[in-house]
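Consider the two complexes below, in which chain A is the common component and chain B and chain C are the respective partners.
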Partner chain A sequence: MSWIPFKITQPKKQIVPKTVERDFEREYGKLQQLEEQTRRLQKDMKKSADADLAMSKSAVKISLDLLSNPLCEQDQDFLNMVTALDTAMKRMDAFNQEKVNQIQKTVIEPLKKFGSVFPSLNMAVKRREQALQDYRRLQAKVEKYEEKEKTGPVLAKLHQAREELRPVREDFEAKNKQLLDEMPRFYGSRLGYFQPSFESLIRAQVVYYSEMHKIFGDLTQQLDQPGHSDEQREQENEAKLSELRALSIVADD
Partner chain B sequence: MASRGGDELSSRSGSPDKEGGVSEDRSLLHQRLAVKELMDTEVTYLHVLQLCASDIRSRLQQLPQGDVDILFSNIDDIIKVNGRLLHDLQETASKEEEQVSLIGNLFLEFQEELEQVYKVYCASYEQALQLVEAYRKEPELQQEIQGIIEAVVPQAGSSGLGFLLVTPLQRITKYPLLLQKILENTPPDDSAYPVLQRATSALQDVNANINEYKMRKEVASKYTRVQHLSLRERLARINTHSFSKKTTRLSQLLKQEAGLVPRTEDKEFDDLEERFQWVTLCVTELRSNVAAYLDNLEVFLGCRLHECNLDIPGGPVVQYCNLARDLQLEAFLKFKQRLEGLVWQPLCSLARALVGPRNLIKKRLDKLLDFERVEEKLLEVGSMTYEEEATRHTYQALNSLLVAELPQFNELVMQWLGQILRTFVALQGDLAKQVLQRAEGSMAQLPHHHLSEPAFRKLVEDELGQTSNQLRSFQETFEKVPPPPTTQPLRPESERQGQALLSRYGPGKLYQVTSNISGTGTLELTLLRGQIVALLQNKDTKGNSGRWLVDTGGQRGYVSAGKLQPYRTVPSEEELRGQARPHEDSRRLTPEPTRAPVLSVPTMTQVVAAYPFVARSSHEVSLQAGQPVTVLEAQDKKGNPEWSLVEVNGQRGYVPSGFLARAPSPAPWGWSPPS
Partner chain C sequence: MEVHYSLSFCLLQERNRPFQNIPLGSIVILKPHKVLIVKNYFQTQWKIYMQEGKPNLLDMGSLMIKPIQRVMKYPLLLCELRNSTPASHPDHRVLGDAFAAVKDINVNINELKRRKDLVLKYKKNDEDESLKDKLSKLNIHSISKKSKRVTNHLKILTRGESQVKDNTFNREEKLFRSLEKTVRHCVKNISFCVQHIQDAMPLALQSVRDLREISHSKDEEDGGCPETPSNASNPCRDFAAPLQRLVLTPLSALLSLFPGPHKLIQKRYDKLLDYNGYLQRSAGDESDLAKKEYEALNAQLVEELQVFNRAARGILRNCLCSFVARLGDLMLLAERAYSTVAPAPRLVSGISEIQNRLLEEVQNLNFVKDNSATFIERKLSFEKKKPMQIPPEMPRQNDTHRCQLLSTYRAEELYQAKRKCNATQELDINLLEGELVAVMEQNDPLGSTSRWLVDTGIVKGYVYSSFLKPYNPAKTQRGDSEANGTDADSFQEVDEQIFYAVHAFQARSDHELSLQEHQRVHILRFCDLSGNKEWWLAEAQGQQGYVPANYLGKMTYA
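And now, the complex of A and B:
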């Protein structure tokens, strides 16, 4: 509204000291960043958990489809291998589900709860802003009357204006103080709040991967597997491919 | 037979013994000559081969290595085998009496090797011939080649490279003929006869097999090639001939299905084909399942959890971010790469290898249908055309090729599948080991690493319960920042109205309109900013607490509760009692809160402060986080449970109940900042 020559709504004196305003903005700014980070983290966690579940499900499908192939009826060795694989995959899937549940409970839910405070905070900040506007407006009004010639009616209006201003000013100051007190506290609470969640997250990984290590260790033994290096495996693959290609019925691609 | 021959001769010459002897001698002579021919030609043959393989080949440097390989194929192997054959043949020369039977045995011994080695050469001869023709078209190159040949093998003359390269083919077909010649001149009662006979038919078999092999290879390469044809080429292919072929096949198939024509049952082939189908299914399904797995892994890797920044300098949060980053950038990435290289790629190669046999099987069926029709026609007409004969041969070639090689194919694929699955398992195992190692490292640095899992879970549950209460109190605190409580200047009527309502309803029930309300329903009021109304009901008939029933003094109706604020005609007593509890007052004056009350702390229980609190008046007392307090009363003088009277450090005062935590769990122990 800077084009209006008479800035009726803007008071002359700076009603809120610059330092206070700066402090407020700094604290609120930090909280706004925290809000963004927690929201993003929550979304990423959910996405990661979903992908994790999907991966496990597709692993189960691998062994399930193998098991339902008629080759299993003809080939005992194949059947044994595929059955062992299937058992392992199903067990891993169960453990994975448990892991994701634990993460849901101890990380994603708390993140959500933390995030749900922000709307109320933002509303409170808006209300403070509203109060500030009202304060400014009434302050300007008082100043306007103060500058006029002190006639009777003017004095009466001045008095009334001052009466109006007082509760508004007090209200703003109360709000301002409240928020200036509470915001740092809320920001600080994140320290104590998130540590348990993340500790739980790490532990959930340890629990799951110990199981996985055990199960696949057993499976490796069962399938009578030599511990090949990657180069050896590549060579084996090449060898098999050459053997296949040596057959006339296989096309050279 | 020999005796008859002898009789004939004897009748001509007169004296029986002498004539029989002469004919015998003649046979023996022919036999010896035949044997000598065999030996001498073998020597020459080997010599020519060696010249080709060493002198000529090494001088053909201007040709690309690939061409040279095709031209000379496995000539080195042939030289080895024939070298040994010659050597053994020459050894038999010393054992005159048994020479012929030794030769017979020798060929029987070498039968297998000869077949193996010559079939390869013969199969690639066609291609070599094509190359030779191609060279002939380039005059310069041709001249050079000719020059080399004339220098090394003068007797080749102007016939060229083709002449030299065909010698192995000629030789292998000569063996049965040479042996036959020796056989013809051997008396049947000779001990060598049976051996020779077997050897001769063995070499005949060798030639038949070589031909069969060659034909199979040709047929295979014709039909297995994945044909990348342009559209024009495809259109050119569709001529009436091929079209009629296809319709004929279809009708034949339908006739079969309808039982009008007996289907050529071939149980062996059907079993093979069935297994092939299952193997194909296995490979195809596994491939697409692994693809899905890799896709999900990709998504999983895309979640960059370690990039979150909660501005927390240490502790489990930082531990986790480090762990997540390491796992993503190392362990999981490596896992994905290994999966792609050692599981996915081979599966793709396997899938591609299936194409050839699949095409051949299909072609065989097509040819079979053609063949059956031809047989039908044969029954009707009694003869078949050349083309129809060819169909039969093609079908038979395809059939025997598939029957010969499909079992091996199926077996190889199954073996490879087994290998791939084992690799998959190994990769998972490696991933688990890596991740576990790293995660255990992180865990060792956590504050509660010594706790068992169940104990830890209980601890976390309790802790989260408390902190969630804390959060709720924060939320309530923020929500209780009230809208501006300005008393707006009243218009005279409003003031009078206000007074009337005041006397009728009492001060607690008066509200002022904060902004203009325009009612839209029949029971809704239109009010102006600043008007005073009295509250009749703080919810509507449906229980909606956002709509209030109010009395303006003149009208009654519903208005939105959000546009009303309490109207204070006189400063309330609570206000006068001191600014010490602004929270309390604000709480009382705002519309009835619909939220559940905060945690109430039981009286006289050992409790700790979960959070620091600064007292703002003499009624309150300050708290430090973690400080044990004694709760004297779980509510204030007015019965409000949001405040608790506690004693701490010898002092008494009120503190917000939400700032207290239940004992005995050592609450933010290990998790709170050291302050």
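And now, the complex of A and C:
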């Protein structure tokens, strides 16, 4: 705004005690940081939700493509396996969607609402700053008149200046006090506000992952390869691959 | 002799088996997995030689060729034997059978060799050949072959099924192609899925960490245990690498094996076309050759495609199982990671209640109420509409006062109030519309020429000059109605009309008014002619013009 020229031209007069100013800065600084954090978090959560959804979509695609394969018609076993996989993936997608919705409701929405308070805060601080500038200016004027010799017009002007100064000073004091009083309260309220969101987020994730674990555990059992560990499967694969490479029809040099 | 014959006959009963397992022709081509067979062969031979004390050791080439030579000798031997046996001898028939059997063996070996040769010939990768090589291969023979094939192909397309058909092959081929498509899709989809998982999980964890930071105060963090699931990014890392090894690598390797047989399948089709073409005509050497070639290639492909398909299916299945198992493990790890922070369960509805309540409390804080964006515009209008403080009843001017003024002052000093003026500053006076005043001085103590010292007959005080117009007795009657008329457009009853310029403003046209910093101006109208509230009609130092509203700051007076 147009406040910037003020700051350069006018020397800072200590009409506001340093401690007060410092307190104010500190509180406001904390709140600014909080604002930044909430904004960033909102963006991150949205990205996270999108990534989750993309993941489950791609998982469903795996099983869909497998299903549409004519191999399924020929081989009943294969068909069973792929159907089981498909069911599992679809359930994964459903749970994921639900989790994202839950998070949306309990975390992202509250974040937005909390963030909407900040513009008011910034406006209030700006107004206080405005009032402060007014106050400074009028104070300077009063002091200027006070230094001049006490002639009639000068006295009249001095009186008038003092009259102008009074309401402005009171206004500034009021604003300052109000903000100093309420900013810590606002800052403190974040704890109680966000803790339920945090808990809900954790819980949503835990529920989701435990469900997933169960689904995939069941699926592993269904795909009738009981007890095959990964190493065994790996070895089998290697054996089959070398068998394939041994075939004369497979190009190798 | 007889013992010898029956022994060899027994051996020949087993005719095809030993020779099929070790195609003799291809021993010459030393494949790595066949070296073992050859080595064993050599070792046994060497042992035999050592046992028998035969000093004449053969070199590799002659050693290799020995079985083949032997096999080729048998028909000749048996033929001679049969020819020299009288027909009445009981062995004659047996010899005949033996001869036929040995000949069959040789034919089988030949056919097998043909298969391998054909496969080898057509397995060569065409992409290595440059255009020049391809062109050089063109000659009358190849062109005529190709054109015949095209004709036959069209014939089949238009007339339906060809006479030469192999259902087994067709089935296997279909399976082969679908397997290829499946494996390709699998590789692509699985790698996408893994990629997405790797993107999504760390993001989720980061959000949890950030939210935790906001929702917990610093003191708690220092004192509390490290609840942050910081090691949960590991499940993702441990997920990707094994998955690559167990699933993606085998599948990709499998995928790379698919293109090989394609060419052979294509060639087989060509041979089929050739053979089909010859079927129409009489049998001859060419048609025999075509038949043989086709059948050789077909048989080879059928046999090996079956193996291929079976193995490929097995690999695919294994990979899918591994994938699922890995996913399950990942989910378990993730669940554990998040569980370390497990809080007390709370209903969702409970959450929104708590939060709404808290938010209301916050919004009740004064600074929010005062400064909420939706209120700001209303606030300005509120302020304008603030109920006017009723000024203390002042004696109104009446005729006597007017007469007094008229008599005391000269005509040019007399002014009339255009509208109702309210005292805003010290020493100001209130005027009603139409009241007569006499101007005593055209400036005020502070030097501003816009405030004049006037005498109403009752009291003396300051009024803004813009409120006054020269008193013209003749026009008084009409003037009033005029004044009324001009008053029709909205002059809002505002207490605070005095504003000061927060910042200097440069007028860009005649309609605008230049302002200096901190210059006090008197606002006549709070909007411009088109109703735009951004521009206010201001008056300063006798000049009027529009100034931007946001350059002005209010001066409030008690």
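FYI, the second predicted complex is superposed on the first by the 227 of 253 C-alpha atoms of A that agree within 3 Å, B and C clash if a C-alpha of one lies under 4 Å from a C-alpha of the other, contacts with A are read in each partner's own complex, and residues count from 1 in each chain.
By our rule, a contact is a pair of C-beta atoms (placed from the backbone, for glycine too) under 8 Å apart; a residue touches a chain by one contact, two chains touch by 3 or more.
For clarity, every value in this text was computed on a predicted model and none was experimentally measured.
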item: Partner chain in contact with A:199 - chain B first, chain C second, else both or neither; value: both
item: Chain B versus chain C as contact partner of A:67, first or second or both or neither; value: neither
item: Chain B versus chain C as contact partner of A:137, first or second or both or neither; value: second
item: Contacts of A:121 with chain B and chain C, given as first, second, both or neither; value: both
item: Touched partner set for A:30, first chain B, second chain C, both or neither; value: first
item: Which superposed partner A:94 touches (first chain B, second chain C, both, neither); value: neither
item: Partner chain(s) touched by A:157 [first = chain B, second = chain C, both, neither]; value: second
item: Doubly contacted chain A residues - partners chain C and chain B; value: 34, 37-38, 40-41, 44-45, 47-48, 51-52, 54-55, 58-59, 61-62, 65-66, 69-71, 74-75, 78, 81, 85, 88, 102, 106, 110, 113-114, 117, 120-121, 123-124, 127, 130, 134, 160, 164, 167-168, 171, 178-179, 182, 185-186, 189-203, 205-206, 209-210, 212-213, 216-217, 219-220, 223, 225, 228, 230, 233-234, 236-237, 240-241, 243-245, 247-251
item: In the complex, chain A residues that touch chain B; value: 30, 33-34, 37-38, 40-41, 44-45, 47-48, 51-52, 54-55, 58-59, 61-62, 65-66, 69-71, 74-75, 77-78, 81-82, 85, 88, 102, 106, 110, 113-114, 116-117, 120-121, 123-124, 127-128, 130-131, 134, 160, 164, 167-168, 171, 174-175, 178-179, 181-182, 185-186, 188-203, 205-207, 209-210, 212-213, 216-217, 219-220, 223, 225, 227-228, 230, 233-234, 236-237, 240-241, 243-245, 247-251, 253
item: Complex contacts: residues of chain C adjacent to chain A; value: 33, 116, 119-120, 123, 125, 174-175, 178-179, 181-182, 185-186, 189-190, 192-193, 196-197, 199-200, 203-204, 206-208, 210-217, 242, 245-246, 250, 253-254, 257, 259-261, 263-264, 300-301, 304-305, 307-308, 311-315, 317-322, 324-328, 331-332, 334-335, 338-339, 341-346, 348, 350-352, 354-355, 358-359, 361-363, 365-368, 370-373, 376, 425-426, 445-446, 502-503, 518, 551, 553, 555-558
item: Chain C contact footprint on chain A (complex, rising order); value: 2, 5, 34, 37-38, 40-41, 44-45, 47-48, 51-52, 54-55, 58-59, 61-62, 65-66, 69-71, 74-75, 78, 81, 85, 88, 102, 105-107, 110, 113-114, 117, 119-121, 123-124, 127, 130, 134, 137, 152-153, 156-157, 159-160, 163-164, 166-168, 171, 178-179, 182-183, 185-186, 189-203, 205-206, 209-210, 212-213, 216-217, 219-220, 223, 225, 228, 230, 233-234, 236-238, 240-241, 243-252
item: Chain A-touching residues of chain B, taken from the complex the two chains share; value: 216-217, 220-221, 224-226, 275, 278-279, 281-282, 285-286, 289-290, 292-293, 296-297, 299-300, 302-305, 308-312, 315-317, 319-320, 323, 338, 341-342, 345-346, 349, 352-353, 355-357, 359-360, 401-402, 405-406, 408-409, 412-416, 418-419, 421-426, 428-429, 431-433, 435-436, 439-440, 442-443, 446-448, 453, 456-457, 459-460, 463-464, 467-468, 470-471, 474-479, 481-489, 582, 610-612, 614, 668, 670-673
